[in-house]
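Two complexes follow with subunit A in common, the first pairing it with subunit B and the second with subunit C.
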Partner chain A sequence: MSDVLSDAGSDSNHDDSQEDVMTPAELIAKLEEAWLNEKFSPELLENKSEVVECVMEQLTHMEANLQRVKKGDAKASVHRMEIDRIRFVLSSYLRSRLQKIEKFFPHVLEREKSRGEGEPSLLSPEEFAFAKEYLANTETYLKAVALKRMPPNLQTVDMLKAVPEPCLDSFVFLRVKERQENILVEPETDDQREYVVDLEEGSQHLMRYRTIAPLVSSGAVQLI
Partner chain B sequence: MFCEKAVELIRELHRISDGQLPAFNEDGLRQVLQEMEALYDQNQADVNEAKSEGRAELIPSIKVRHCCLLRDQRCVTAYLYDRLLRIRALRWEYGSVLPANVRFHMCAEELQWFSQYKKSLASFMRSLGGGEGLDITQDMKPPKSLYIEVRCLKDHGEFEIDDGTVILLKKNSQVVLGVAWDILSCVCVMSVSLCPQHFLPRWKCEQLIRQGVLEHVVS
Partner chain C sequence: MDPSEVEFLAEKETVKIIPNFSLDKIYLIGGDLGPFNPGLPVDVPLWLALNLKQRQKCRIIPPEWMDVEKLEEMRELERKEEAFTPVPSPFYMELTKLLLNHASDNIPKADEIRTLVKDVWDTRIAKLRLSADSFISQQEAHAKLDNLTLMEINTIREFLLDSLNCMYKLRSNLQPGSSKGQYVDF
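Moving on, here comes the complex of A and B:
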């Protein structure tokens, strides 16, 4: 895989637009990390649109390179397979996000609205547009099909209350990438007390998502 | 008892748990809305009477009717929203053109919602990667192998492809397809008697498998 990708990388100047220059292999590794995290996290994570854009550029270059390879060459099919694998991971990542956006649409929009100035955005501009359209579409539909025929004081539905929030207390598997000390684990029942754990690098755990949510966004742990 | 019709709507959907979309229960919805109107009117009358004539004993029944109204609203909203989720799943299952028998089960507003959803999704996909676009309704499964064997389940009939070749997809023919994704070489020939290696554009293969025309033969 690496030779097709590095051909693609050296062909273009796309790296100039990024601040950190990543090798293609690093880029794909980042995509896979984002993909797994998004897949296993109960809530929508920060958007990684730079990774998405770079991967799409990579795919375009790889396709272009492949056109130049002699047809029937055995290498071509292996490279073809690689392109398809990457495209699958990318599509799966975007689908994961879209599903969560649709599932929690009022909450996602609310979080984005009340985000502080310097905080990274949850949604890419395209996702934000999609989420707004989804909200508008659904509200228009409900109004047209039933709400407008209801008594005057019942013609609105509060979406924030009506649509359930993501369950942050669901358990997730994780692998520790950077050693963490003194992680506070909240008690689940009245009999338990809160306690503190240290997470060793390379160890794997099953914990409530809420406890380690900030570590996922910082990249200290990887959901698996 | 109040709210029974509303709960029946929910039960109707609950019974069909595999995601299929039953016909839109226009009647049921109308009955619930009529009940809501009646309850509301009764409450209006009682509230006026309670205020003007100080009849505080009406208040509990006003409260009960109000709770029923809220329950009716909640059940109706749940019914409609669950149907929307099923309709949304149809876009991902069947593509942007729904089969006629499914469309028949949808009311006009649902069709409108679907059409709007399709548009939103399409413009989202088009805008990915800085305008490059990516169809994320494809590539639903990780690519396992380059060549897949497929069997034709239905007589899909003939279709003509770019270079004029006419292909006949006949029921029960089994061929090995090289799933090549080179858009330029969309040559595809499938015949009943031979089992040669042929090439179909992969998106077409996936689509035909999802529509039930081809079946992936796993040996």
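Moving on, here comes the complex of A and C:
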């Protein structure tokens, strides 16, 4: 029975060989990074469906192995605890994305529409379907409850104007993973001047999201 | 972020335990653990250490810095310096709380340690409030926050960020013709 569990570890090392070589531990670290970034960024970030899929694969694989283990095995309970922890991060990550989609759906769909051919998609196919359906449902609801009783010239609502945009000017806390030079800090008031800062590796900062948004998607900084 | 989520992250830190059972290596997704032999110290993540401790299967060895003398030094330094001093662990507060709540019998002078860490924490939070205050009154656009831990940032996060957003909204509404006023914070 312990063989089953030993297999689980060595097997899973080969599982993601179709991707760049990444150990399961690195994969989990990637998921946690994505989780924190998504939690703290004011806008919806690019989807990480590769990471999500790989983690799902690892979890199902491990769970399948656990099925074959007898009850009361000491190792199995440790494995279950680890699975629960990973599952928590995964669901929290996906949930915070869904919350943002619900909050900003017209803008999210708009960005998806204006996306160029080669650019990576903001939403996973499932999230895209969710956003579209959410938009349709909201429109139907507004129509049924209020709009159809309005005078004819007031019966349309422009969702893009009705739903607030994500506020990219909000402040975020971040930790630097790769050294960056000459980051421009815009002044708060008119009588201040703009200036540049260097972000040293490992240092932590508080600044506007707009300034460092590209660094979040490139992975050079981590939101905390 | 909920404090319990910061605690969740802290539970990934490794601690040394002395198990009283034997078990082969465990191949977890996040890395290998063990093997476990009675009486031999082994590194495990805190979540497992606490679980084993609750089932009375191990003794936890407190981290090196969790020591009255070292903490006293740290407290003095923290009070003397104006800036934040480096902390021994990025999760010092959470580790102290978790270990003292669940394994206080394995930690010598647990009560003194609790008070010392609380003192350090209070001093740091007071500094944090002061610097947040000057950040806002000087209308800064960038601040460096080295040596702050996630839990410390988290205690001030919502309040500080929401206030900054509100002030931003008020300011941008003052300038006529700016469209920024309609932004709503997330």
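Here is the rule we go by: the second predicted complex is superposed on the first by the 205 of 224 C-alpha atoms of A that agree within 3 Å, B and C clash if a C-alpha of one lies under 4 Å from a C-alpha of the other, contacts with A are read in each partner's own complex, and residues count from 1 in each chain.
Criterion: a residue touches a chain if its C-beta (ideal position, glycine included) is under 8 Å from a C-beta of that chain, and two chains touch if they have at least 3 such contacts.
These numbers were taken from a predicted model, which means no experiment stands behind them.
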Which superposed partner A:Leu154 touches (first subunit B, second subunit C, both, neither): first
First, second, both or neither for A:Pro42, with subunit B first and subunit C second: second
Which of subunit B and subunit C A:Val185 touches, first, second, both or neither: second
Partner chain in contact with A:Tyr134 - subunit B first, subunit C second, else both or neither: first
Touched partner set for A:Phe88, first subunit B, second subunit C, both or neither: both
If touched residues of subunit A are counted for subunit B and for subunit C, the larger one: C
Shared subunit A contacts, counted only where both subunit B and subunit C touch the same residue: 81, 83, 85, 88, 92
Residues of subunit A touching subunit B in the complex: 52-53, 55-57, 60, 77, 80-81, 83-85, 87-88, 90-92, 94-95, 98, 102, 126-127, 129-130, 133-134, 137-138, 140-142, 144-146, 149-151, 153-154, 157, 162
Residues of subunit A that touch subunit C when the two form their complex: 2, 5-6, 8-10, 12, 24-25, 28, 32, 39-40, 42-43, 58-59, 62, 74-75, 78-79, 81-83, 85-86, 88, 92, 100, 103, 164-167, 169-173, 185-189, 192, 197, 203-208, 224
In the complex with subunit A, residue positions of subunit B that touch it: 29, 33, 36-37, 40, 69-70, 73, 76-77, 80-81, 84, 88, 107, 109-110, 112-113, 116-117, 120-121, 123-124, 127-130, 132, 134-136, 138-143, 146, 180-182, 202
Footprint of subunit A on subunit C - complex, ascending: 1, 5, 8-9, 11, 21, 23-33, 47-48, 51, 135, 139-146, 148, 150, 153, 157, 160-161, 164-165, 168, 171, 180, 182-186
